[in-house]
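The following blocks contain the structures, represented as structure tokens.
Both complexes below contain subunit A, partnered by subunit B and then by subunit C.
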Partner chain A sequence: MRDVAIVAFAQTRHTDHDTGLSEHELIQPVINEVKERTGLKRFGFTCSGSCDYLAGAPFSFVSALDALAAWPPISESHVEMDGAWALYEAWVRLQHGDIDSALVYGFGKSSLGDLRTIMTLQLDPYYLAPLGLDQLSYAALQAAALGAERKELDEIVRRSRADGRGNPYAFDLPDPEGDDLAVRPLRKADVPPITDGAAAIVLATGDLAGRLHPNPAWIRGIAHRTEPHYLGMRDLARSASAADAARAAGVGKGPVEVAELHAQFPHEEIILRRALELGGDTVINPSGGPLAANPVMATGLIRIGEAARRVHDGTARRAVAHAASGPCLQQNLVTVLEA
Partner chain B sequence: MPSDPLVAQHVLEFPGGYTRTTGPVIGRFLSELRARRIVGVRTAEGRVLVPPLEYDPATGEPVTGEYVEVGPAGTVTASAWVDEPLDGHPLDRPFAWALIELDGADTALVHAVDAGNPKALAPGARVWPVWSDRPTGHITDLAHFVPEVTRITSGVRVEYRLQAGGALRVFLEGIARGVFLGSRCDQCEKVYVPLRRSCPECGGAIQETREISDTGTITTFAINNLPDPRAPEVPFVSAYILLDGADIPMIALIGGVPAHEVRQGMRVRAVWVPESERTASMANIRWFAPTGEPDVELS
Partner chain C sequence: MGNRCAVIGVGQTHYTTKRGDVSIAGLVREAALRALADAGLSFKDIDAVVIGKAPDLFEGVMMPEAYLADALGAAGKPMMRVHTAGSVGGSTALVGASLIQGGVHERVLVVAFEKQSESNATWALSTHLPFNASLVVGAGGYFAPHIREYMRKSGAPGHIGTLVAVKDRLNALKNPYAHLKIPGIDQKMVESTPMLWEPIRYLETCPSSDGACAMVLASESAVTGTPAWVHGTAMRSEPIFRAGRDTVSPQAGKDCAADVYRQAGITDPRRQIDVAEVYVPFSWYEPMWLENLGFAAEGEGWKLTESGATALDGDIPWNASGGVLSSNPIGASGLIRFAEAALQVRGMAGEHQVEGARTALGHAYGGGAQFFAMWIVGRERL
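Here is the complex of A and B:
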């Protein structure tokens, strides 16, 4: 395997409403920021993650290329998933050996429609989507299957919001109050905030990484796994695919100082901590995590960026990032980063 | 519509819907639904997948061609409660989403349950399907599920004609006049109220009739928190009252005093309805109210 490191990470100051910026206007600042940090103007490979259904327009990701400088032609790809999977594709592409840098970005404006029902469109069209099963409803089913203590869930929301208030890119959300219900057992405070935002990461191999950053965050393990889509075919109280991905990425081979988990709801954090076998010593989501800012399709990539940031600034020697996709943590991607 | 001229509504829609082929496995399941049957498909390992998939998610192997009728009832393994249904939901009133393991299946079906209230669907609850009126071969041919029948309500009403004769007639005639009538057993030297013609202690006949005071002492009482048509409000107090001159207490309501102030030994007096409203009925006594006299030491 070629050594690949994260050498730059940038994200927008996320907003809880549509500012009216087009998608390429949204991403251009973060693309420019990672270009300036690395001094790179061109990349061996570019890959993005987004979801056309968020904007309700086919191939909406294509217009986002206007932010990139795509002429003369660049080598470019896209995943209809969170940008974390674009990073995985770029990491694979770098393993080919013929290029040494890659630009990855993810973006989404979930304020344009009703995210709860837009997410119904990702469900299988025969058995689930016709029922109108929506994002909060299937998340609530998973919370019920887990059956976590309300006190533990509340503490996760409180901690996430408090950490988010210390993160200039995330929202200033107050400590959760009251017990307004969403879809039971979820409460409104358990639901991640509607967020528009974007993030970008630059990957570099070997010597180039060392030249671009004094403390590259080396990807020492990266793996993703999936499990059956249909909710009734799996045990929703645990995440077998996250556990498999964590094993394949080698999470347990050393202490994990920081873990950034793509847990959109507090019960997902409990499931993921168990799947990744994270102990009490691991700091979870010091950025505030998705409960403090959830720019859908960038949220997972931001977890990788936030974990890399801890390695870049020397606060962690070994960090883990997790990204999820699909209903009820169907797909999970785990990245191990080391100084 | 938005009032800002630079904000527009945008709708993404496939007019008439989006046509999909089902393939043989899902097509069989939906055809069986149209015939109001629920089937699963057996995997090479012998498990029954409901709803059927073309490949076993555990092994990746194609499933067998064997279809097994399951349910129609099943057991809930987890549920979530929707207080405010969305337009696209199967029910327009609060309902539950549930994972339902249909009888004979090894996996759970996701569907809506018209459970009435969020506490009705604990894990383990049994549910049965409600079919749509005109099945067309769609997952919504199963309109929703409902909890298994575990109880019924049956009406009970019988009418009787009761007549007060003997001692009760004499007692109630006294009540109609605003007087408690009692009787004393010479043998046992006990005064009973209401009046009776035989002594429950010695079995001897009692001839005597005497008027008893309408004041007395509370010997014990209960605070009732369940409504009763005969009581003025909740909570109300019912008490044993030993009328002055009687040896056996009678039960009556206590009024004119907060429930928490009622106590043993409290002196009370009957509150009679106005004479114009009186009948030969215990309803003549609204309740007993404190007299304000000092409490009595009970022996």
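Here is the complex of A and C:
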């Protein structure tokens, strides 16, 4: 495949409430930041990820285009998925060989509605959604299926929040205290914070990547897989699709120094570590991960950006990023980045 | 544009007002199975699935690719969901083709659908404050002023729209999948229908349909059956609120056409393209797109329509299938254009086949006439 690298990454200072910014006002600063950092004003391809249901109105991505200064008209597309899949689409487009740069962004404001209930609408509308199974309830089903030790889950939340406090873009959340239940066995501290935010990434090929960044984060593997939607058809304690995607992306071909995982709940991190076969020496979510900031539709893209940042600043030579979609990690995307 | 890509299978459902006999999953699976049968393949021969549809609010299912993974045989495979407003069907084909052209996969299933009977699309399309300035009621309310501006600029006589409304519905009578079948339709009948959004009358608008369309795309080494070769693909977008943009003949449409023509070696679309499937949801968009796509000079598109050149027996048939004016499951409408273009150059369009069609254009647009997706397909490898 053609060599493609991440050469710039920017994200908003995420908020836990609606600051009054529209979605295009939210993305414009991060788009401008990656444009300034690369010096690129035009890109061979642009792709974004967002979800109408967060805003409760159709076509939320349409006015986002106004934030891009998309004039003259640009070659552009959109996925109704996390921005990580927009990055995948852009990576595929760069494989054609006729363009050498791409802009990718993802954004979402989950503060506008009741995310827990909204996510119910993602389920089979005939057999699952009418049951009223909400996001925390199905996550709790998966946590129960895994049956992890409470101590291990608590430690993941504690570590994520501590790392988040060191990340200027994530929230300053205290060490978890108390045992207030959300939905058994999930505790309130196991639930990711409601977050508004956006992120942008610039991809570049070959020589251009080398000119735009002294340490490009080269994409050495990228793959995604889905699995059956119906929870009863899956072994919820495992993630077959994450394991398949990791194999296809070549995670096991070398040591993984850092892994940024799109684990919205602590039990998901355990499932994903096993699926990706990450050893004890891999640093997980040094950014704090989704438990420290979870701007839905950008969270997966931010994992790729955060992993790239470790390669950019030289703290890792090989990093892995993971993004997820669908109930109980139904769909998983894995990216391997190298210096 | 990377590796060669071909369409080797096309599947459509019969478009209709309400498919009460199938679930959403049943609807998309029906189209997918027909496309696979056309290609002589089964789900196990497919490497990846790309699905497209217009806003999720139409059916009330958020990110339905999660729910539809099982019905489309996608478990264990990569699956993507495209959404680029009304152009999404076209964009879905292009994202699927891109996976082949980029050398990532050998065979990709692309599917697009809308089950509009689940809701009222006019209200779902009426975006509202506080997120946007009101675009008035429905897509017709948004586009009617652009049509009036076209009439003013071009001096087109008022009956041109009705000609398109009649022509496309006559074509639909020859297409077994078309939604609107109106035997005996003529100009008088169109003119007798109520005015919805001046100058758009009831029979000058598209219907609201349930339906799905699917295609199997293949790399050169994975072709089965009769291929339609992809000669060019392009997408273009421009901002909806940019002051001074030409909403009658958008620059993004012109640029997209220029890009796809360059790839396909087309310098004179009127002569070199044998049949075009173009997104015409309101009758007047035929003359408008004739100009935007370079089939006629600026201000001259309506004359081409009036001359009968775009009829099935004309020298450049547009929407031989009956087009969006006859079948409109919104999210699928673009993919249907792309699929019908492929059927024509494969010689498999049946009663609405344009004889000897070797090169065809598939076109879709969306948003405030700001998102464009196009491809050129041909009988021969380029």
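Just so we're on the same page, the second predicted complex is superposed on the first by the 339 of 339 C-alpha atoms of A that agree within 3 Å, B and C clash if a C-alpha of one lies under 4 Å from a C-alpha of the other, contacts with A are read in each partner's own complex, and residues count from 1 in each chain.
Keep this in mind: contacts are C-beta pairs under 8 Å (C-beta built on N, C-alpha and C of every residue); 3 or more make two chains touch, one makes a residue touch a chain.
Predicted model only: the values in this text are computed from it and were never measured.
Contacts of A:230 after superposition on the shared chain: both subunit B and subunit C are touched.
Applying the stated contact rule after C-alpha superposition, one finds that A:137 touches subunit B and leaves subunit C untouched. In the overlay built on the shared chain, the residue A:117 is in contact with subunit B alone; subunit C does not reach it. Of the two partner chains placed by superposition, A:315 touches none, neither subunit B nor subunit C.
Once chain A of one complex is fitted onto chain A of the other, the partner contacts of A:126 extend to both subunit B and subunit C. Annotation for subunit A, partner touching more residues between subunit B and subunit C: C. Applying the stated contact rule after C-alpha superposition, one finds that A:61 touches subunit C and leaves subunit B untouched. Overlap of the subunit B and subunit C interfaces on subunit A comprises residues 53, 57, 125-126, 128, 227-228, 230, 233. Note for the complex: subunit A touches subunit C at residues 1, 22, 46, 51-53, 55, 57-63, 65-66, 68-81, 85, 88-89, 92-98, 118-119, 121-126, 128-129, 223-230, 233, 240-241, 244, 325-327, 330-331.
Considering their complex, residues 1-2, 23-25, 54-57, 59-70, 74-85, 91, 94-95, 98-99, 101-104, 124-125, 127-128, 131-132, 234-242, 245, 250-252, 255-256, 259, 367-368, 370-371 of subunit C touch subunit A. In the complex of the two chains, the subunit A residues touching subunit B come out as 20, 53, 56-57, 116-117, 120, 125-128, 130-134, 137-138, 140-141, 143-145, 181, 183-186, 227-228, 230-234, 236. By the touch rule above, subunit B contacts subunit A in their complex via residues 6, 10-12, 18, 20, 22, 26, 30, 49-51, 53, 57, 77-83, 86-90, 97-101, 107-112, 118, 138-140.
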